[in-house]
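Look at the two complexes coming up: chain A is in both, with chain B in one and chain C in the other.
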Partner chain A sequence: MADEMDEIISDFLIETTELIEELSQKFVELETNRDNQALVNDIFRSVHTIKGASGFLGFTQMVQLTHITESVLKKIKDGDIFLAPNIMDVILESIDMVKVLLEHIKQKDDVEEDLTGILGKLQDVYDGAGTSAEGGKSTKQASAKSAISARGEHEELHPDIDTEDLQSNFAGEYEDNDYREVDEAKPPKHLGELLVEDGKVSEDDVEEALTIQSMIKESIDTGDVPKVGEILTATDKASKEDVKKVLAKQPAQSDKGQPQQVEQTIRVDVERLDNVLNLVGELVLARNRLMKLVANLDIKYSETADISHLSELTAFINLITTDLQLAVMKTRMQPVKKVFNKFPRMVRDLARTMKKEVELRLVGEETELDKSIIEEVGDPLVHLIRNAADHGIELPDVRESAGKTRHGTVILSAYQEGNNIVLAIEDDGKGIDVDKLKEKIVEKEFASQDEIDRMSDKEVLDYIFLPGFSTAKLVTDVSGRGVGMDVVKTNITKLNGSISIETEVGQGTRFLLRLPLTLAIIQALMVGVADEVFAVPLSSVVETVRLDKKDIKTIRGQETVFLRDEVVPVYRLANKFYITSTSADDTEKVYMVVIVVNEKKFGMMVDKLYGQEEVVIKSIEGFSNSADGIAGATITGDGKVVLIIDPTVIFSSTLQGHK
Partner chain B sequence: MEAFTVTEGVLQLVTFTLGSEEYAIDILKVQEINRMTVITMVPNSPQYVEGVINLRGKVIPVINLRKKFGISEIENDTDARIMIVDIKGITMGMVVDSVSEVLRVPATIVEATPPMATDISTEFINGIAKLADRLIILLDIDKLIEQGEMSVF
Partner chain C sequence: MYDKNMKILVVDDFSTMRRIVKNILKQLGFDKIEEAEDGEQAFTKLKSGGFDFLVTDWNMPNVSGLELLKRVRSDAKLKSMPVLMVTAEAEKEQVVEAVKAGVNNYVIKPFTADVLKEKIDKIFEKLKK
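Right after this comes the complex of A and B.
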């Protein structure tokens, strides 16, 4: 029994969390589009659902809070309260409190929050609009009764209407219609909508009629449910002629009621999915091994018929495994909407505290990313969006005098590009002044004037990702402390992603985050240094070159090569890892893997190239120091462990020194 | 004695050798004992970290106790073993010269560590079990991982 209850509560938690996430966004949307009745109804319904469920589960505080919030929303819906920003603040605060309460329920800590503050505020908002709703309600109640008595049956039903409130022991003076029933009564609602459109009845009347209808439906179980039109005419809310007229307009099939949409999703524990993914990973490894073996056999016994059958079968297994891998990876994909959802609210709050006008546009919310990436990408995005709103967008007056619209726009978009997902954060603010940035770099002694003069704009811009580097004149609550951008960079790099900046003074700035679709399986280039084998993620490799030793020239102590008219510095992986390399001295030919970091090419010298392989990234138990450039490990076909290295990290300190 | 489980006054130990000395750890800490396999070196890791191995699909670190305790190194021979142990939730391997036996000793024969008794610093030692003809050093392997740090590297 306890288990069952736990299950119900955990379902409640998941559902409510989702509702709350949606709510925050809807509220912000509502603020820009106050007349959107559908949206208000939507919000109202969500809050009502939360209230109903928490009442049923006995979360008294939650009920208290959502009840009054709902009351306020009801008044907004009815137009009794104008949705001013300060009222929105109060509502959002109450939603925040719901989150806090939710967290307590999750932790099962039985902590009671002090709700008096927020309840008082909500009450004030509610009272501020007068008490007309109460009076209106009692007449509705009365008319509901008369509606039923007019039909002369089921009169005993009506007390049911407030069971939820009674259960929660909350003595509220405000009663409501049950909106979930409206959902169930979808097909007949069309008639109501049409009537409202024609101005024959008010929306309230229709809802009331629907409530009555659903009550009757519940009680009699059989098909003989009165139509909305009948109820409306019975309660003298609409004339028979009006209903007939509208009915004629209504398409015939909607009258019958549509088949209920069957739910097409199931919730699965992430652990189970991870398990499946791990198994598929092992399968991929086994397949690689099998293919190697079969290839060997094929060379040895090419004439045997069995071998050719085996080859065929292996090719088939190869195909299926690849498909399976893709399919499993897809199950872990989630729309970026999940992270994007929290930003409209954040930008709204930011804009209000900074007295700016900022509009956040979300593009491509449906784009899907692996769950683990979705989870990791939130923090970097928060930083970047805050930066855009704080540093990027100017104050309204400044914008106006610069000939721009008073309100700034931040566009957050997501789209797929090959095997990558690109997230772009774009603002139409003041942009980054590269010259000022140069001054700052010299002033902070990150580089000398001489070095700066030789740098491209792109290289200069990369300095904002260094720890302790902030260009903000003022340290605000929001940003400017010099932490942030380096965290963004580290987080993105950790995800095997990259970040780049495009900016124009006065026009705005755009940050582009390029992320892999998934983290678990990557394409890697296997390289050898002495007896050691390392895997280099193919994402950072541009090309591989075979070099004559004599092509390597030393410029100011730095080994470099000329690669198609480009000077490319060369670093030896062996030196970096303190391995005695065989190619260091005696061989004539060496291999170089060309890698790009921040649009800058460099060569990594290795002894051998083994080729490209698909590897499953495994974490190393008890290993925490990722600064060494070890991104993880993988197990090759023959069961050996091969380390996956991240050249961009390994050589970052070296590269920094050469800037 | 918190590193050892005492049941009815008896300690159950796995003993192994490093150089000329005999050491023991609590049997409950030992997951399995494997023959030497190929160890992949990890660049820039502490010198006592031998590398990583593949333990049935899991990549775990292996440390060399000789190096950790500053005992002179020898070439690993056929007796050498990797003991897979669980230290603070981390599965890891320890290279030892050889594994001797599983031993049950009464808790009463364990004495406090005399200062400077062995090659290794006393911080890893829990006590010494005095048997008729030999001394066994009881290792507190939890201390092998730095205090407050949940990583080997």
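Right after this comes the complex of A and C.
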């Protein structure tokens, strides 16, 4: 029983956290689109749901908080409160408190938060509206629910109505009451309006019916007020058929604009998925070996019928394995919406503290990425978006005098490009002034004036990503403390991704993050140095060339090669790993793998090229990998353990070496 | 009084709530319980037959509990299905609406196993009469 309870609570935590995440975004959306009734209903229902479940699970503080929040939302929903920014602030604060309470529930620390502050604020919002909203229904509710004190509401009305009596009174009438709202004076379209539209009754008739209704409302105590439709038919203004016909339209209309559809999903522990992925990884390795063996057999005994059958079967297994692998990958894919969701709220808060007007637009939220990448990409994005809002977008007055709109726009988009997912953060702010950046680089002694003069704009911009480099003139609360961009870059490269900048002064800046679809299985180029085999991620390989040794020229102590009008520095992989290369002395021709790291080309000299293979990355435990240029290991088709090299690390160290 | 083997459909959009309600029903000795996450899904399940009792939440997206109740009552096969409505609203108008639409009884969240048992007892007592 205790276990069952624990499971329910952990379910509650997961589900509620998801709801809260969605809520934050919906609120921001609501602020720009206050008339979206479906959205308000949605938000109301979410808070309502959290309250309901919390009640069962005995989370008293949560019930207290959500109860009054719900009451406030109800008033917003009913149009009794106008959703001004300051009211929104209070509601968002209460949602933040819900998160804090959730964290306590998660930690099981039994800590009670001091809710008086936020409850007081909510109560003020709630009371502030009470004065403007007179009329039978709302006053009755206000007194019945005087918010906080109504925590014990379930005791208030003990359901001892004689159901049979009521039922026989209204027998056969339920099909006439196909609408939800009792109060006919609320949006969306009402029965009266619809009947007028259809020309069935006149506006005056509806007026009259509404007056009758409100009279009845005042005179009786229960909420049992006849519907406008009932009054209209009773006073012979409209026929029962007409009312029915119009009513049939009504629910359909209110159903429109429902923000989301319920998905058919089951919840699976991530550990199980990881396990499946691991097994598929093993299968891929075994398949690779099998294919190699069969290929060998095929050469030796090509005439044997059994062997040709075996080949066919292997080809089939190969196909299925590839499909299976893709299918398993898909189970780990999640829409980037999961990370994007928190940004509208963040940008809104930022804009308010910085007195700027910033609109965040999200594009391609449905684009999917591997779960582990989604988890890692959040922090870098937070940083880039903050930067865009803080340094990129100018103050409204500045923008106006520059001939731009007062409000700046930040666009966060995601799309697929081949085997990569691209995340772009684009602002229409002031852009980065490359000349100023150059001054700064020299001033901070990151490079000499001479070096700077020879650099392309792209290379200059790359300095932003060096540790300890910040372009912010003022250190603000938000960003510009000189930490960050280097961390962003490190995080992205850790994910086998890359980051680049495009900017134009006065027009804005765009950061592009290129990320792989998945981390676990990659396409690799197998290369050899002496007897050692290494795997190079294909994503960073541009081409392979075979060149004459004499084409390699040494410029300023650096071996380089002239490759199609481009000077490419050459490194010997053998030297990196202290191996004696076989091609070091006795051959004329050598192989070079051209690798691109951060849009810079490098040549990597190797002895042999074996070809392309799909490799499963296994991390090497007990080693602080990647620091030494090794991303992990894999097992090849012929059963050898092979190291996967990490070009970004290898070449970034050489980059700094010649700085 | 009632058959512990009867098949019950629990409808709520919040899976935690479904589990809680299921749990309480299990405490009362029921174990043929199925779930649906909104009125639409619930109605499809009910139509496929075999259910003896419906426990539904009120406030759900797409097809609400009330809507579901109305559909059940206007369906030739399902119209006599006993329905218990779960609601957090202690508001009379809602209850009256549900009663008008033909709900057999309703229970207000949060409730205990005893309260639920009392409600179920009442429903099936009345049905016997």
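The rule we apply is simple: the second predicted complex is superposed on the first by the 521 of 659 C-alpha atoms of A that agree within 3 Å, B and C clash if a C-alpha of one lies under 4 Å from a C-alpha of the other, contacts with A are read in each partner's own complex, and residues count from 1 in each chain.
Heads up, the rule we're going with is that a contact is a pair of C-beta atoms (placed from the backbone, for glycine too) under 8 Å apart; a residue touches a chain by one contact, two chains touch by 3 or more.
In this text the structure is predicted, and so the values were computed from the model without any measurement.
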- Message: Once chain A of both complexes is superposed, is A:Val641 in touch with chain B (first), chain C (second), both, or neither?
- Response: first
- Query: Touching A:Ile630, do we find chain B (first), chain C (second), both, or neither?
  - Reply: first
- Once the structures are superposed on A, label A:Glu15 by its partner contacts, choosing first (chain B), second (chain C), both or neither. second
- Message: Quick check on the superposed pair: does A:Lys618 touch chain B, chain C, both, or neither? Answer first, second, both or neither.
- Response: first
- chain B versus chain C as contact partner of A:Phe446, first or second or both or neither: neither
- Task: On the superposed three-chain arrangement, identify whether chain B or chain C touches more chain A residues.
- Result: C
- Query: Who does A:Glu282 touch here: chain B (first), chain C (second), both, or neither?
  - Reply: first
- Query: Is A:Ala53 in contact with chain B, with chain C, with both, or with neither (first, second, both, neither)?
  - Reply: second
- Would you sort A:Arg45 into first (chain B), second (chain C), both or neither based on which partner it touches? second
- Message: Under the contact rule defined above, give the chain A residues that sit at the interface with chain B and also at the interface with chain C.
- Response: none
- Note on the structure: As the complex stands, chain C meets chain A at residues 13-17, 19-20, 23, 37-38, 41, 59-62, 64, 66-67, 70, 73-74, 88, 90-93, 95-97, 99-111, 126
- Note on the structure: chain A contacts chain C in the complex at 4, 7-8, 11-12, 15-16, 42, 45, 48-49, 51-53, 55-57, 141, 144, 153-154, 156-157, 159, 161, 163-164, 166-167, 170, 173-175, 177-178, 180, 182, 222-225, 251, 255, 258, 260-262
- Contacting residues of chain B [partner chain A, same complex]: 38, 40-45, 51-54, 57-61, 90-92, 145, 150-153
- Note on the structure: The chain A residues in contact with chain B across the complex are 282, 532, 576-579, 618-625, 628, 630, 633, 635, 639-643
